[in-house]
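Structures are listed in the sections that come next.
The same subunit A turns up in both complexes below, where it pairs with subunit B and then with subunit C.
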Partner chain A sequence: MKLIAKKDVPAVVDQWSKTYAVLAPSLQRNGECIFDTFDRATFTLEYRKPSMPPKSTYLPQSEAIFQVKDGGFIHSARHEKTMLFGIRACDHTGIRQARSFYSRDMDDVYHRCHAEDTLIVVHACSWPQNETCFCTTVHSGPYAKEGFDIQLFDMGTDFLVEAGSDTGRELIADAPFRAFDVDDASERLNRVKHMALNSIPIVSEVTDAMEILRAGGANETVWEHLGRKCITCGGCVYVCPTCTCFTVYDRVTSEGNGERVRAWDTCLYAGFTREASGHNPRASQALRLKRRHEHKLLYYNETDNQDALCGCVGCGRCSDYCPVHIGTIEVVKAIADHIY
Partner chain B sequence: MTNSINEFDEADLFFVIGSNTTAQHPLIGSRIINAVERGAKLILFDPREIPLAQFATLHLKQTFGTDVALVNGIMNIIIQEDLYDKPYVQARTEGFEELKTMVARYTPKVVEQITGIRSSELYRAAVMYAQADKAMIVYAMGITQHVTGTDNVKTLANLAMLTGHVGRPSTGVNPLRGQNNVQGACDMGGLPGVFTGYQRVNDPATVKKFEDAWGVSGLNPKPGLTITGMMNAAHQGTLKGLYIMGENPLMSDPDLTHVEHALSNLDFLVVQDIFLTETAALADVVLPAAAFAEKQGTYSNTERRVQLAQCAVSPPGQAKADWEIITALCRRLGMKCDYACTEDIMREINALTPSYGGITYERLSSGYGLQWPCPNDTHPGTVFLHRDQFTKGKGSFLPCEFKPAAEIPDDEYDFTLTTGRIYYQYHTGTMSRRVDLLEREAPEPLLEINPEDAKKLGIRSNDVVEVESRRGSMRIKAEVTTRVPKRVLFTTFHFKESQVNRLTNSACDPVAEIPELKGCSVKIRRCS
Partner chain C sequence: MCEHAQNIYELRPVTITRTLPQIADHRLFQLKLDGGCTWEEFGHQPGQFIEVSVFGKGEAPISISSPPTRCDSLEICVRRAGKLTNALFEMGKGSRLHIRGPYGRGFPVDRLKGHKLLLVAGGLGLAPLRSLLLYVLDRRKDFDDLILMYGTNNPDNVLFKYELLSFFDRDDIKYLYSVDRDDDGIWKQYVGVVTGLFDRTTLSPSDTYAVLCGPPVMYRFVVERLLKLGFAKDHIYMSLERMMKCGVGKCGHCAIGNKYCCTDGPVFSLDEIEHIKEAI
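The block that comes next holds the complex of A and B.
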């Protein structure tokens, strides 16, 4: 266990950015914080949940997976040593869930390459990022348990620094990191963790809804109601740390040359499940929404869950951004409280 | 829009006419859905069963091209029932008596004959709108793309003024703009009769101001031609050269055979676009333009909000930002035109355009944009228009008589064909049809036909049908659906495989010269 003064962090990250492509919180001129290539001028430690999860580091929005050039085939798995600095525990769990999915019964070489190239620095939460956080309900936060390289705990003017891997240990070996050698170190850490756990309210409807789904499913009127107002933007999928679906298409760049690309897709689009005959087993938006939420809350894979309760990591982004309020929180409340 | 998008969240009633809001303005559509869920009312006027219909308190399906009669009828009921806002009419408007006299002729019975809407429903709509505390009128191309487009808009404005539903928060008249910067293009004088900020080209003081600023003299005070006017002039041979930017008239304009002839009749055609469109393929010179992420500049959106966008990637190949191409051309023509960057251009806009006076790059880069009018550096921008008075002072009622559409179905051409857009494709498909995922969602054109009509004609879904108007024909797959009423066909203009604008009518509104894309008469048969 180490300590570092918060004021020393920018210089350390600056140093790391010479070895890694560092993605870090960056304060924009309009007051918004996004994760972007590290820039000392805009770097900040005062940030809330960024609008996008870090999944694009592992599964880029679109990525060429091979190229055809002059009749030849070029495998194009991209390598770049990357560091995600300051991601939250929920998003880290999302990364672990996706990693499990992409490696469980086949080796997705592209996802693996990105995972092997990426170091993770988790910034544990001391309190909810906003009113839609429910990591404590689904056991994905507020701090990471494993799979990270470095984890930072907020101790006021300092961060308490925990290494989760050998690389992490090396990175925090020297100054300005300093030893945290007090007798009650682990007790103090536990106190911080405990306070954080208690500060993030439990959304009991999540487990209630999961129970109802297990017991035979939600009232169909829930899905019909939600399906009617869904505008099919796909935004909930794009901001979801655990959504892993992609589509594949070929693009001709010039005569005889081209590339095969995979890009984010969403199960909320009719074409995602439409068959060649034109038949669609998920024929309505209600059925598509039902499938997506049941995948998170009922038909998840136990292995892929990692330490979490289900296929949702409780980041709350779908509830933050859905223009018609069909986020996981609204969905579980509709199911559990029999709203519709 | 006289309102801002956020004002949808506080309105009590929406009067939506000629707008498939959830499909074409989904984020505004979602505001309406949320509002209905919290108890707001929605009156929808649309001949089609659009998705918003599921949320409508009242959905009235008027006959195509009868909006003036419909709204006159509503106003007549409001006046007869004494539901109009007398203090507002007294204090802020003029011409009420003329309006009252004219709309008196539009009795519920007359309106029912013209529009097909039952008097009881018209009455309900009139009372709901008039009695709402905060009501917003929302419209789009369903109102404007008619030979009576201008009359339709004037009539909606009459209705809002009559009931005092304009000039307060969440009350107003809101044309939803169809492209991210069409508002900006109009604001910047991309219209035949105006300079920036709608300053008229025939106003001597304005002309003098621009002449002084540009160091020139003799600016032509005569308004230029509209798009439809240009096509007619080219067709007749009086227009010799055309420079088209970011527009694909060979797909988007009515009566494509006429457009083809017009363009081929030109001596010289220049097209500036980001892809080689159908129109660009005909050009003598193609100027490759940078796409949105490849240039810096501002966009003015539907709520009059000017927003700054930064360049994210360099333009490919020889492509350049539009302003660079235009200024380079101007310099070759001997004009000074020495802007170093887009901010230089904005400074000129600030100096010459009162409504944009305070919209500077400095302010735009540290926020979410500014809404015009924003006359000076400290002005916060304008959330809604016409707060205490109208731009001209008192608002004039401009009563309009109902005039029928240019083409009415007859024995031979016995269907009305109406055109529009779908959620997954954009305009002539220049951009959206290059996106694999969107192509998967909407890969081919479909023609909507009512089941009763389809049955009579022996047409089933996915059958290929031939649709023919007096101007041209196309083949297209049918989609049998109750979304369209009887005797009405609907399709989009996105797909080059079935060019619906071969059939559409180039008859125009006499003032705005917008073509009647929303309705023409056709016949249909199943292809064997």
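The block that comes next holds the complex of A and C.
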């Protein structure tokens, strides 16, 4: 384990940005923080949960599967050494779940290339980012357990630095990283972890709702009511770290030239399941909303969820941004408390 | 360029060697693999599908209609329904297109061996089921009694008509055809829904596997009938249709509960899916 003074971090990241395309917290003029290409002028360590998860590093909003030139196909995957600096543990779990899903049975080569190219620096949370955080309920945070390269713990004026991979160990080998070789190092780290764990409230309705879904499902009136409220904007899906569905379409630039592209899509759209015959097995918004939440809270649990509780990592973004207040927190409460 | 040789989205060029009109808006395409590769190497199983691609028009999953026992060409029976299939209908002998596959879990041929079979098809459902039907006929000794029930909405919509008519000359297959309506009074077989055919034959549910392929409404009634007759749930197989995009279990479109139609299916036994409300 190592230590680094917070004031030394910008210079270190600056150095790393010569080798990696670093995506780091960047303070915008409107006061919001987003993850953007590292820029020392806007770089900040004082940031809250950014509106978008880092999933586009692995699954860009749209990405060419192949190029078509004069009728011939050129399969390619974009390669760029990338570093995600300062992502949160919930988002890290989301990345790991998506990676596991995309590599099972048949590996998705584009997702794999992005994963192999990306280094992850997790910034463990010491307290909830805002009132919608529930990572401790679904075991996705507040700190990462594995799969990262470097993890930072806030110790006041310093970060305690943990290496999770050989590359991570190399990156923190030299100054300004300094040894943290006090006798009670691991005890101190555990204290920080415990304080963080205890600071984030448990949303017991998540496990209650999961149990109800396992036992046969929620009352259909819940879905009908939520389905009537949903305005089908798809926002919850686009801000979700674990939503990875995509559609495929052809972008033709001229006869015999262009590219086949995959782009984010969502099960909340009616066209998502509509067949060429016109038949749609999920014919109502109620059924589509039910699908999305049952996937997160019920079906995903049977696949590899990377030691988290379910396919929801508790980042709370859907509750932050849904214009009609039907994020996961509101949905599990409706299920568990038999509202509607 | 990515070094990984195994790209699940890689396309293979094929050439149309023949197109055979079926009924209105349905056509059978015979395909040949380009580059000297054979369909034996392709290694498809009855009930599997391929992704068919025409750049600019997109990609669509289409079930394979021919069995692996007939590898001189691969046959797909296509209904003109969307952008891609419309483009296919503009193509003829010698046209080139691209495919990926074979994909999905087909009919459980090994499990069916040595047993009596009841194949029930409705409409275009005969297209995937034909791969199994012809497989069984080509390996007839491997299977016990074979019954085919096929229902269409009217006499004009019978697919593979001449092939089906030729079964009248065989005594190793029992065939029962139905049409929902016969306005012109030309149909010599049963008129009514396909479940009506169950009254016209005797089945031995304990040692028969039922394999269904047809529109969703057919499944509901036929499954009900089979269960009433005493068929076990793991003796009823059906090929489900969903809107598939990637064909390899990533894009999420064809999810049915905890299953993906493209990789876990499209063929499922009833006991695998009966607990999933949206399945049938």
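The criterion applied here is as follows: the second predicted complex is superposed on the first by the 337 of 340 C-alpha atoms of A that agree within 3 Å, B and C clash if a C-alpha of one lies under 4 Å from a C-alpha of the other, contacts with A are read in each partner's own complex, and residues count from 1 in each chain.
As a working rule, a contact is a pair of C-beta atoms (placed from the backbone, for glycine too) under 8 Å apart; a residue touches a chain by one contact, two chains touch by 3 or more.
Because the structure is predicted, anything quoted here is derived from the model rather than measured.
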item: Overlay on subunit A: subunit C relative to subunit B, clash or fit; value: fit
item: Partner chain in contact with A:R291 - subunit B first, subunit C second, else both or neither; value: second
item: Which superposed partner A:H75 touches (first subunit B, second subunit C, both, neither); value: second
item: Touched partner set for A:D265, first subunit B, second subunit C, both or neither; value: both
item: Partner, of subunit C and subunit B, that touches more residues belonging to subunit A; value: C
item: Touching partner for A:P281 - first (subunit B), second (subunit C), both, neither; value: second
item: Computed vertex angle (subunit A) for partners subunit B and subunit C, CA, steps of 10°; value: 80
item: Which of subunit B and subunit C A:R214 touches, first, second, both or neither; value: neither
item: Contacts of A:Y249 with subunit B and subunit C, given as first, second, both or neither; value: both
item: First (subunit B), second (subunit C), both or neither touched by A:R48; value: neither
item: Partner chain(s) touched by A:R40 [first = subunit B, second = subunit C, both, neither]; value: neither
item: Smallest distance from any CA atom of subunit C to any CA atom of subunit B, in Å, after fitting; value: 10
item: Intersection of subunit A interface sets (partners subunit B, subunit C); value: 247, 249, 265
item: Residues of subunit C defined as touching subunit A within the complex; value: 1-2, 4, 6-11, 55-60, 79, 81-82, 85, 98, 215-216, 241-243, 245-246, 248-253, 255-258, 263, 277-278
item: Subunit A-touching residues of subunit B, taken from the complex the two chains share; value: 22, 26-27, 29-31, 33-34, 37, 54-55, 365-368, 423, 436-437, 440-441, 462
item: Subunit C partner contacts - residues on subunit A that touch it in the complex; value: 65-66, 68, 71, 73, 75-77, 79, 101-102, 104-110, 112-113, 217, 244-250, 252, 256, 258, 260, 262, 265, 267, 272-277, 279, 281-282, 287, 291, 294-295, 298-299, 302-303
item: Touching residues (chain side subunit A, partner subunit B) in the complex; value: 29-30, 228-229, 231-233, 247, 249, 251, 261, 263, 265, 269-271, 278, 323-325
